[in-house]
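In the two assemblies presented below, chain A is common to both, partnered first by chain B and then by chain C.
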Partner chain A sequence: MSRLVTNIYIKDKVAVVSAGMTKFTRRAVESTKELAWEAVNRALEDANMEIRDIECIVSGSAPDAFDGIHMKGESYSSSIGGSYKPHVRVYTGGGTGVMVPVAGWWHVASGLCDTVLLVAEEKMSPAQPHPQYVFKHIWDPITEKPLEPNLIWIFALEMRRYMYKYNVKKEDIALVSVKNKKNALDHPSAQVAEKITVEDVLNSEVLVWPVNRLDVSPVSDGAVALILAREKVAKTITDTPVWLEGIGFTLEDSMWINRELAYPLYVEAAARMAYKMAGIERPWKEIDFAEPYDPFDYKELQHAEALMLFNKGEAYKATKEGITERDGDLPLSPSGGLLGVGNPIAAAGLMKVAELYYQLSGRAGKRQVKKPVHTGVAQAWGDLLEAGTVVVMKN
Partner chain B sequence: MMIIPDWKNAIKVSQVLEAKYERSLGEAYSRYLNGLKEKKILGTKCSTCKSVYVPPRIYCPNCFKDNLNWIEVPQEGTVSTAVIVYISSKRERLEKPRIVGVVWLNYVSSNTVKPAIFHNLLGFSEKDVIDGSIIGARVRAKWREESTGSILDIEGFERVV
Partner chain C sequence: MRVGIIGIGWLGPYKEANFHFQEFIFKTAQKSYESSGLDPRKDIDGFISCQEDFWEGVSISDEFAPDPLGGARRPTFTVAGDLMQGLAEGYMMIRSNLFNAVAIEAHSLVSDIRSLDSITLAAFDPQYREIFKGKVDALAAMDMNRFMNERRLSRGEIDELLVLQKRKGIKSSIGIHSLNLSKRDLENEKYSFYPLKEIDKAPFSDFAINVVLAKEDLAKKHEEVIWIDDLWYTSHGNAIDTAEYGKAFYIERAFKKLRNKVKDLSEYYIEVDDRYSYKLLQHLEAIGFEPRRAIEDIINDNIKVNECGGLLSSGQSLEATSGLEVLNAFLQLTHKAGQCQVKGLSKAIVVTWRGLPSFTGGIILLSGE
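Take a look at the complex of A and B:
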């Protein structure tokens, strides 16, 4: 593992002061620009701000190919207030949603901007006959694509390895899907919130064994926006700012077949960077709740382990014992996660960061976790099992 | 407000975007595919950290130097993970399920880099995948009669009994 950050000169403390999001749906009737505008407008209303109060913009969207619009960041820029302002789009595949606040942090912590608008937008539904087809082009064109792979393959291969290495059963993994879909019943943006059982997961359509349909988050459209501000400005906007205290981001080698798949070392590296910055030495004790990335149920377990909240291969035990429920000792995905709220790729990651904001400002309503919370971590992963992005927030 | 009641009644436009690509494979993959044409699996070994790369690379990402030597690696290995595929790349149901996986080839490498091939696994049952007996199983490359210089010159890896 590479040498991690040892010294960062931070000019300004960075606060999250508001959030807004659209509903997540399988097929939004709004255009890409309309969807992004709607999320931004809600975040501005939440902060009682106008677009002219925003100095810089950081946006994120996953592959252009879903929407069929090349250079989408430029295309939607004016709909998120980007004209004549510094606007940059960041992209790390599925890791994008948490990469957006990471890049937003640079803008404020460096002293460049007083206020930064964060936007993550995704429309997967235009891709026909199914967005899966677009994912075909993520594979190595010479050594992998001739085998006609589907993206689900790679998760199934990783899940199978994880199950083998740590002796975890499918029914234990399915509990994550049950929990997150239940949690999402209280999320107003949720697409696939429902009360289901482990049997429902195990009996759903087998896509690529060991992955059944209900082990996977859905295809979604949606957008999320957050507003960041430096300390002095934040206090004029809200009485309950939440502080962005740590950021981490790493990339692993894209040749996934050449390494051990059971443990995502790149997520641990990103987490160590974020924890160090936030002054966290024992995450399993100091983190009150987490939003680990859960596009697949096993990934919540694997990611919670790489975030060092549980021992390797043991997150399923905590799930079984109810520790990761909203009223448990260490709630995971109290939002309902990607499995319950939905997975408009970049927007889903930023939805997890928004949940940290709602929980830590005491505004999560019916989703508010039972115990008092002061520190949370959100994480996303992307590409061929290689990108890790992490943020730590405190109130 | 919205003039569109729902997705079904939305005004939609259908477009096909075409883009054709032709790429030079570079030195590493060109030699790899030439090797496959001769029914050999070639890799490169870093003289500094001893990592063995299959698929090969002409530089070592660990040492960031190009002092690697070309080697021929054994066509046998063990299955590190395997799955049963029921859907196509377009997400249609397959008539007959396929078993695919990653094979770690039998060649001593560094601790973190495993020389490997991602391919079809032949002669295994769905049960072998589900009960886990396929993982760790010894397998050997099965070649097609005619080779063209493609990863598909190998039909898959079959169990060594």
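Take a look at the complex of A and C:
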């Protein structure tokens, strides 16, 4: 029977039934294919399934230039069990990791696939001399590329604008890095988990002011896999399915310089779509915890505001007051986020969705949020300060 | 719930288009939206671009998808694949009740690419790149050789079909690579890798296409609707080391899924990927035709296949190649195929492939009212 989910009727709910991931690391010895397979294998084992039980595959990986492989999705297809199955690679830059479950949702909800394997992988380390060089080629070829902009420089512009508009101090932003790196100490896949202080962040190397090295997530290699199933199938796989209740995605135009950099309106638009679908009207009250995208510390604050969990420019206050700690009223990035677990771009986004699954199925171990949790939101961001991807999950 | 094609816009194919890529996508989208009667800022809920970074010469090429599509601050994303895969995503988005209407675009500005062979080579697994450096088509030649050998097909039979297809394109408005050939002309054609001749390969074309899909109740309000009855595709990635040669196994698998939907193939107009001449037969075989019998049936006009000359006449267009096939089928079903129009058929089967070194291919079943 069809069921009304706010604005749409679906035949079956879509469940996450398992997750698996590799360790995130700076220079993995495993190839891209091996990393992806390792994550897939763990997700299959977690669900006690075999690859033949999977009907469709949705994958994500950011620029092909990291690996130097054209049609990257085709290159790892057979290593993730994609042979003889429909396999699509979706792409929204840094937002890809959360776009993967978004697309996975309609593979199931359309009735075309009973089970869908989601895979996000990234191996940044093959890019020489540094993965940042790949970002030299992301700009508009006519209007921007001749200026030879640097990605960190753009983030510095955005961070400065955020600080200026909302009168946020750098030491308040640094608290996010301190919190997330500490949270990551409990994550088995973490790359840069550590106990640091605000002073450590402020005294770390200045990359482009106001961005210091410890404001930034690391370069990483890694892969994450999840398995989706339609309601009836999910109940045969696990007793603790977690429901994918809302999806949202939005891309702004590519003219990033034309918009207010202090507030990512495109993330808010994606969140509104996901909340509407999940029947959430007051996210600040109804969301129990969140995994906002945190490639830089200020971005966790900015994204938490765009997810409407805090008023504009006020997320730092909640961080200062401990509200966003794992034992706080509204935990943010209990996984440790990209700042602590690492940032293999597409895989980092799906890691955040995996954390929703672990938390909502009560399997997060030492990372388990103290208060009872029933609803979580994960979000990723990407492209030329333009992509927002959001999922809402409930148990 | 049925999903219908209610708008289609295209530019090209051209041997060399004089457009910036955004202008190319924009002008195509305008035509498509106009034909759908929908306002992209109000009525179209989602936008999909089908593209690959290296073809575009831009890292994270999806950044530039929203602007020319009308998808800015709207649900827009990129499929790193071909139009067929994008259509599949749009089809599922509508079938899931998420959206009422979705626009899907793919484009090829292949004439802008200076190092096409090197980019194609970069799609091979690195350990096989040295072998195929400068000779990517050798893989097609090996596949062709095995196919011809196992089916006892002669080069002359392939030539006969090639001549026919190249001539058919002369009647088509998009047959820019059509030729008035004779079998004798082919005798002197150079082999690139035996048994593959240079002329067996469809030349490249610049081409852009935009397709608007809508859910049933919205589509029914539209004067001209072509329904997507079903679709499926399969992939074996670029795994050239474990692929099955001599047959289009990716299409066989896809067709197996849809077999019970296709009662009688004679009721269908057929459009198959023929970017290498032998693929026409190989893809037909994968949907149930015996190759030698298929040659006779095509020559005797018993089956209606690639009546506007297929890709051999229109050219191949990177991720928009399957768009050329969808366009041909759409034009047939809407009776707008001009001089290559077939009469009396209201259903079409479109067989797509992403091209080497990919083993991703699919089938789309279409019908008119």
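What we mean here is this: the second predicted complex is superposed on the first by the 387 of 395 C-alpha atoms of A that agree within 3 Å, B and C clash if a C-alpha of one lies under 4 Å from a C-alpha of the other, contacts with A are read in each partner's own complex, and residues count from 1 in each chain.
Following the convention adopted for this analysis, a residue touches a chain if its C-beta (ideal position, glycine included) is under 8 Å from a C-beta of that chain, and two chains touch if they have at least 3 such contacts.
These numbers come from a predicted model, not from an experiment.
Here chain B and chain C are compared by how many residues of chain A each touches, and C touches more. After overlaying the two complexes on the shared chain, residue contacts for A:D383 are found with chain C alone; chain B is out of touch. Contacts of A:P141 after superposition on the shared chain: both chain B and chain C are touched. Within the superposed three-chain model, A:G68 lies in touch with chain B and with chain C [touch as defined at top].
In the superposition on chain A, contact of A:R27 is made with chain B only, not with chain C.
With both structures placed on the common chain, the touch criterion links A:D253 to chain B and to chain C. Within the superposed three-chain model, A:G111 lies in touch with chain C and out of touch with chain B [touch as defined at top]. Once the two complexes are overlaid on the shared chain, A:T240 sits clear of chain B and of chain C alike. Contact with chain C, but none with chain B, is seen for A:G82 once the two complexes are overlaid on the shared chain. In the superposition on chain A, the residues of chain A contacted by chain B and by chain C overlap at 68, 140-141, 253, 255.
Residue ranges on chain C touching chain A, taken from their complex, read 52-54, 57-60, 62-67, 71-81, 85, 88-89, 91-93, 95-98, 119-120, 122-123, 125-126, 232-239, 242, 249-250, 253, 354, 357-358, 360, 362.
Of all residues in chain A, only 8-10, 62-65, 68-79, 82-93, 99, 102-103, 105-107, 109-112, 134-135, 137-138, 140-141, 247-255, 265-266, 269-270, 273, 382-384, 386-387 touch chain C in the complex they form. By the touch criterion given at the top, residues 2, 4, 6-7, 10, 14-15, 17, 23, 25, 29, 32-33, 53-55, 61, 80-91, 100-102, 112-120, 126, 129-130, 132, 135, 150-152 of chain B touch chain A in their complex. Listing the residues of chain A that touch chain B in their complex gives 27, 29-30, 68, 128-130, 132-133, 136, 140-144, 146-150, 152-153, 156-158, 160-161, 163-164, 206-211, 253, 255, 257-261.
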